[in-house]
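Take a look at the structures listed below.
First subunit A sits with subunit B, and in the next complex the same chain sits with subunit C.
For the complex of A and B:
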């Protein structure tokens, strides 16, 4: 088939359960220009180089078709740093990082270990003796929002509301080219705004009366980069809430799915829980929750593997394909939980590489450890499971498993 | 053959960063024979970069900088004793205490020492010191704790600039005297040098460029001040002499190896040459003391005083010491270096002195962020970032792929209206501190040819 329809085929819902052969086709061709003028890149070295390239923008306002893309958005509204370039990106990310991790706050994530374990144990206890379990609804879905709310300091009674908004925002990303996305987008936009307003108000309260959580600290930050404006604070807090939501759900769920498909690996992990951190890295390579980055745009004509990608064209970096590049990973299509030298692209790479990676890692390691211990022996009830629509944040909508009869 | 290589006697001379990393790598690669590390300093291996940074700020003790061991070494440590000679034919290392150590393979990792103040009487004054070892750093930290009225730093290379920065951070008055036109100019050229002048002055350093210290003055055996070549005088209670480094090669003078003031020459696999340019197969070298050919820099023999290079080269040398010919690896890492001073993080990739032009590509010098890109004959050979290390990977890639200079348009946060200018890397001889990156062999910059003595 012609490679200029590759993107259409990748986004086709029919291919959601197994897009990997399409990625192999993409790698064969290096850089594939699509019928609509977008460029797909799927090889590890090229993706990594582009993710480090200062001429590659994350700000879609640099797209030739920016006007169309941004229809309905308030152009004056502050953008979150995932969608900004240097130097604004750098300043906002640095300000947020001051209170999130090293060098200024090195212990923050580790301090959450107990909280996360408690939340995961709580959810796992809720499974009781149930015979049939939906890993998504019963376990993976509630966990990340609970954790990020704890980190930010969202009061317990507000968590369900925040969860609802986060779902709507994520559903807005859950596009498929066939459908008319306007309605979904409108709902998402409203949810994002409502969440922003809520977080903004919460931050104002925290500015007067700090409570030691991340939001209080961001609101009162007075470092060398100055303070976040109210608007920046809102967009940053919203970003933190959304970015780590469905991604982490999918990683946990993909973990259970993959282990269900690889009984020997599951057995090894049950025997040797110390292997979990490396198994999670391999999961991020093998079934990454973010399959591709659809938002990049070159700021000048740039050459990628002999192909010129023109300024302003949509540039789509297929992380999940880079993760299976045989030039980088030996036996790329094998799930090897003890893989060495595993510098996968699951968290992206370069200047926008995942801000929440330490948290996501810890959360997933704990979640899978607790879950495997609580499940006892189990097996998958549906393989492949029903997937969500999104080809970007790819993951099962439900993952039914049955206790008994399987491994461990 | 390959069995033999994993056994036998290996001796490493110089028990610091390169020596330790090589020893660890040897064991990692399965070397089971006897391993001896000979080191002149009495301490176990320690890290030097903090000595001019955290230690001077009181954030770490000079004795707390020990290098963490990555694995148990099962090695004989001969610390506090100097190697004084080598008999390559009999394969024996001579030690200062008269002992002779037989070896099958030898690694030279004797690094460098601080270039001393040329006048020994003045150098002996109380309050005058250099900074290379942890003992030096402990002494300097004590002197700074006593809050001297003024510190004099002689030479504004990286070490001198970092010391000046520490002094200012501690609220001490400091005068920096540099023979060249700007701080850091020897390593980074005139453009970044000009920026460094503004940086130091903005932080209250009394910076005097184009001037030399002609005499250190004493009273009752204590330093009291200095006389400068412009006729001025300053009072100072502490003087730190930062005139660059001297390679520790004297002990090899009669060995027949290609060892001299510029270092110990080796091939791309870290095997040392004899003075006739014939490569040996049992003597290897790594770290600050090595001169090695690098393909990206036209196979000139380069010597680098870089932490990262010491590690990378030690690993390659160790690998090659226990691997048969076809398995040996070249040392091809793109050089990189960092420094922290005045609250900024300065990093470089490539060799900035290997350049004829430079352009300020990204950032905003006024706001303390900067990316300078260096080119030589139309290709990119180096980049220096100030608080923008995140872009280095990109420029490393451009250097490795010999991308055209100047870099194309379109970079985020690019500096508008910039044109390439001569990189202005001076002849090392006009500097009072040695350049941190010494390109031995011919220097590409045309200014060097201007300095040739006229007919």
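For the complex of A and C:
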């Protein structure tokens, strides 16, 4: 088939369970121009180079078709730093980092260990003796939102509402071409605004009466880079809530799915739980929750593997394909929980590389460890499972498993 | 357990300093300091840091660093 339909085939829901052969096809060409003028890149070295190239923008306002893309959005609304370039990106990320991690706040994520473990244990206890379990609804789905709300200082009684908004926003990112996106985009925009307003209100309360959580500290920050404006605070807090939600749900779920498919790896992890941190890195390579980065744009004509990608064209970096590049990873299609030299692209690379990576790692390691211990022996009931629609944030919608009859 | 960081490889990604802040410490934005002799209660954290380091700059084990001075 022609390579200029690759993106259509990748986004086609029928290929959600296994997009990897399409990625292999993409890698044969390195760069593939699509029928709509977008460029797909699927090889490890080229993706890495582009992620470190200052001529590649994360701000879609640099797209040739920006006006169309941004229809309905308020141009004056502050953008979150994932969608900005340096120096604005750097200033906002640095301000947020001052209260999230080292060097200024080194113990913050470490201090969440007990909370995360308690939340995971609680959910696992909730499974009781149930014979049939949906890993998504019963376990993976509620966990990351609970954790990020704890970190930010969102009161417990508001968590369900925040969860609902986060889902609506993520649904809006899902641009399956066969569906009419306008309605979903509108709902998503409304949810994002509602969440922003809520977090802005909460931040104002915390400015008067700080409670020691991340939001209180961000609201009262007075470091060398100054303080976040109200608008910036809203967009940053919203970003933290959204960026870590479905991604982490999918990593946990993909973990259970992958272990269900690889009984020998599952057995090794049950025998040797110290292997878990490395197994999670391998999952980030093998089944990454962010399959591609759809919103890069070159600020100048750029040569990529002999092809010129013109300024202003959509540039799509297929992380999940780079992760399976045989030039970088030996036996890339094998899941090896003890893989060495595993510099995967699961969290991206370069200046935008995942801000929340340490938290996501910890959450997933703890979640899978607690879950495996509680499940006893189990097996997958549906393989492949039913997937969510999104080709970007790819993961199962449900993952039914049955206790008994499997490993351990 | 002992730990060694290959500071020529280290890119200052700070993943280690998040996961085991009592063993790995970032000074300023770049410089990494660490405690080569890992206290027992930090063992699990250090293994997490080893796995998380994007450039695999950290070696941990009973023998790590032996004979390198």
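Rule of thumb we're sticking to: the second predicted complex is superposed on the first by the 408 of 408 C-alpha atoms of A that agree within 3 Å, B and C clash if a C-alpha of one lies under 4 Å from a C-alpha of the other, contacts with A are read in each partner's own complex, and residues count from 1 in each chain.
We adopt the following convention: a contact is a pair of C-beta atoms (placed from the backbone, for glycine too) under 8 Å apart; a residue touches a chain by one contact, two chains touch by 3 or more.
No experiment lies behind these values; they were computed from the predicted model shown.
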Which superposed partner A:280 touches (first subunit B, second subunit C, both, neither): second
Touched partner set for A:341, first subunit B, second subunit C, both or neither: second
Which of subunit B and subunit C A:210 touches, first, second, both or neither: neither
Which superposed partner A:310 touches (first subunit B, second subunit C, both, neither): neither
Subunit C - residues contacting subunit A, complex: 13-15, 17-21, 25-29, 44-45, 47-48, 50-52, 54-56
Complex contacts: residues of subunit A adjacent to subunit C: 101-103, 106-107, 109-110, 274, 277-278, 280-281, 340-343, 353, 357-358, 361-362, 365
Residues of subunit B touching subunit A in the complex: 343, 362-364, 367, 369, 388, 390-391, 393-394, 397, 408-414
Subunit A residues within the subunit B interface of the complex: 49, 52-55, 57, 85-87, 90, 224, 298-300, 302, 311, 350-351
